[in-house]
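In the two complexes below, chain A is the common chain; its partner is chain B in one and chain C in the other.
Up next, the complex of A and B:
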């Protein structure tokens, strides 16, 4: 009998290719609350897990345009209206001189803004029950760890365990709140 | 990654050859270009004819120069994603020999193009006299021809190593290409800079720019990548090289094109900003002529074609992966390169007297298309001589497995 404190099930794979194949099969089997912990970014994992494209590039684009408008506006206002100065006979609205600052402001707004939004979104958009920290330290060394959360609508302990074993996973085990092995 | 190593290779695609209509159009363009050049010369418009010749010769030589430096850069950076595009790139280097000879043909129009090639003008002009130890026809021939010989030798070495790998397999050829590539890039950076001074910068013999070599290399790289993007896009769209070339490779190529487009704007504006800001007469003369009256529309068209439009078109991920968007965008960039060369060459004619006014570059375009036609024929001939994909390259599996 499995304790109610069970958080989910994990099993690991030894190669990125096995992990990709397993991810596709978990996706096709209809599981939604699952994740892969890998030692390095595995190319093609998003498609294999059935994840949608990120919406964060739109944030980056909007922030970049805001950065451009802010920098151009600030410089134009300061150099033409608020404190016009004659620099070597150049016109007050010396737009070529504004370009480097506009470019930098665009990068600054877009990059920092995207990073902040990505962190917030990462907290929000993750699966309801990620694996406890340090549950499988192999994921930072050489293991590709599949995690299926107990919150998954299709969660049925015996069935999930048999399924993950059928994928060829090693070290399949249930994980409880403490991150220990309770199977 | 290696999961393709466990899956069998797709069936070998055999050899690629240009479709007959493309060959016919290329041949017609070459004939029309040659006829236009001869006709313009015979009408006594030597400056116009030779400027068109210079634009066309440098446009196509740039494609070959890009190809050889791109092979070296990929070998050094271990860029495995482009393995299936290697043959089209190698075929581009074939143009170095015929294109180099045609470029040397500029020597016959030296007096029409370059102020410094006229001994009387040099004697009357202290600045040109001062620069004459560098800007003289003898050194022009030696440096340009010498650089071409070195590039041709390295290009041939890269291609020969690739062929040997086709026969013998193994990694030795890849390693040797890497070593040769490192040596080549150092020599190339120096020789290409000086050749770009002779062929383009010295048209305005009084003027100078420390950004010049970087700008011209960016042009060459952007245009060469655009040519490859056209080729790769058409191959994917027509399903040739299926299993070897897919939208992931297009995406990588599109990102490369996008990067060069951003970098071009950076370099071009860099040159403009510093000259505009310092406002020193001997520097501003270059942009004064190109930003006033008849040349301003041309400069604006260059900016649109080489930066604004391709930047916006290539920004979405889907655009880079879709040949229907990537190919037309790359073609716009090729047109942009022609316009930029026209804006480099055209206003410099007239040798400091009354500058040539900007016009619709009809003769220039026809002659450039002629060069491009000839280039395409040589490229297609070279491409058809070998297997379309280097099947024994050890990095092929990684290339087929590439995700972008």
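Up next, the complex of A and C:
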């Protein structure tokens, strides 16, 4: 469901270190519906924002096992049951010779699956009111933009603004965009 | 301020760190490496410098290069048409050398691709920050090289229109499956997995940069296009979290994948019973040769990117030197493998092995062996000298010679083992015809056409990764409280 308007507060920082320190203070102040837009990944940001580790590795693990089982199953079934051929008296279930394809299938499922799931997860793992995509914030250029959504339980405009200013943020302003998260 | 604020230009780099005596841990020396991006660039400058090539009309130089590449691509198309129409007779493959030009070129191009994965995945896992300047173009090179490689085995089938028979799927030809225990079937899985995973890895790396291109776009349709291509990337930490995890995982998976691919390619040879092919050294020998040849191609391409695209501040002499070191190291490993093969041929006591290697080095194809050994094992020894590692023309010349040498390596492996096998009455010679040459030259046309299109539409350097290795003290924007207006100026195209 697309909200009819996106309200919140923006403020930006100029270096990753400032952004990290600010994120930790926003977290400690008890805000939950906040996010950082950064031009490149900032190491330590997950901890500073109080996020858990990504669960993508579990997806990779499950898909890798699926790939192994699929490839072994297909080869075993085709070479032993569906079309057994006698190659120089060798066993039909020549499992060592099935390993290369099994390995490739594992990588195929795990890698492509993880990439697709990570992109979808990144889009879906969000706060009730994600930051609007505003070009002028420069979040893909050189700004580390803090966004606190108006949906946050602690939202109190004057208090939030004073707090964000106290973090040393630049360009602090309220945002009210109709049409939700759009370019 | 950064101690390197004075390094304004690529030519000022020395390749040596700044040593501060006594400033390091436990009272030791502190070594501060030289910056990876020179020219005192800011983060906003990176966007402009790198996106610029995709945002303006192509230059005359680009059209010239593209024209040549397209003409060569035309040569490929005509050659393939003639090959398919007339049949395999037009090329030199015949009894006893049934694996000629197609297998040579296939292994050559697949090998080229391996350096891209090495740079993007292996150097990522080893935390080598200099990879950021070259990984995007190297990964693109991988994909385009695999595209070139893919043509050859399909043509080699003889009846290329039945290529889909290689794929196992339930079919109406009876219960008819590919032979899963054949290295040729392994190849299908290895190459197609390699191609698709390389594309996924490359595209994942592109997402944040496509968003950067989108945010710089002035035309609404360009903006919409790049927004769709970046899947609406915002740079939210909640996106980065999963993105970073997936990127690490793909690097971890691509690393064993790249080793497996050339291992399986070498199995095509090693599982046969031909003397000179049936050896356990083949997998590591092929993998290291692939990385060696790929790095040579990366150096060739990066020389052009530095010269013609003005990327010297991002792909510095230090980057080139690092690649020269890898080239020399892998060149020595390749030379070691060549020598080990001879030792094993003698040590095995096998008459056939011994003959094949004597014939390889001193027989009728001794000239090809000499080219191979000189270009691959001897020429890279120049890089013991720092001055030569940092010399553009020396690097470029060596990279070309290595490419030539590695093509001849595959020529030597394929041809010398086949042309004189167990039965002297079946011996013969192999020579390339006009169409062998045209298909090889034409494959370069495909490669360069794709590469030139790539530099026109996508960021050729991984913007978000380069920003991450820049010194924030130099690269940051000026703090301002006026918000929107000041930032817009930095983000405007051509600012």
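In this section, the second predicted complex is superposed on the first by the 160 of 183 C-alpha atoms of A that agree within 3 Å, B and C clash if a C-alpha of one lies under 4 Å from a C-alpha of the other, contacts with A are read in each partner's own complex, and residues count from 1 in each chain.
Keep in mind that, in the parts below, a contact is a pair of C-beta atoms (placed from the backbone, for glycine too) under 8 Å apart; a residue touches a chain by one contact, two chains touch by 3 or more.
Bear in mind that the values here come from a model prediction, so they are computed numbers and not experimental data.
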Chain A as common anchor, with chain B and chain C clashing or fitting: clash
First (chain B), second (chain C), both or neither touched by A:115: second
Chain B versus chain C as contact partner of A:167, first or second or both or neither: neither
Of chain B and chain C, the chain that contacts the larger number of chain A residues: C
First, second, both or neither for A:44, with chain B first and chain C second: first
Partner chain in contact with A:125 - chain B first, chain C second, else both or neither: second
Touching partner for A:17 - first (chain B), second (chain C), both, neither: both
Chain B versus chain C as contact partner of A:97, first or second or both or neither: both
Touched partner set for A:148, first chain B, second chain C, both or neither: neither
When the two complexes are fitted on chain A, the stretch of chain B hitting chain C, from 20-28, 56-64, 146-154 or 164-172: 164-172
Chain A positions touched by chain B in one structure and by chain C in the second: 15-17, 42, 53, 57, 97, 100
Parts of chain A lying in touch with chain B, wherever the complex brings them together: 15-17, 20, 42-44, 47, 53, 57, 61, 88-89, 96-97, 99-100
Residue ranges of chain A touching chain C (in the complex, touch as defined): 12, 14-17, 35-42, 45-46, 49, 51, 53-54, 56-57, 60, 74-75, 78-79, 82-83, 85, 87, 90, 94, 97-98, 100-101, 103-105, 107-108, 110-112, 114-115, 117-119, 121-123, 125-127, 130-131, 133, 135-143, 170-173, 181, 183
Touch list for chain B against partner chain A, complex: 1-3, 6, 269, 272-273, 276-277, 279, 315, 317, 401-403
Touching residues (chain side chain C, partner chain A) in the complex: 42-44, 47, 168, 175-177, 179-181, 183, 185-186, 189-190, 193, 196-197, 200-201, 203-204, 207-208, 211-212, 214-215, 223-224, 227, 231-246, 249-250, 253-254, 256-257, 260, 264, 267, 464-465, 467-468, 472, 475-484, 486-488, 490-491
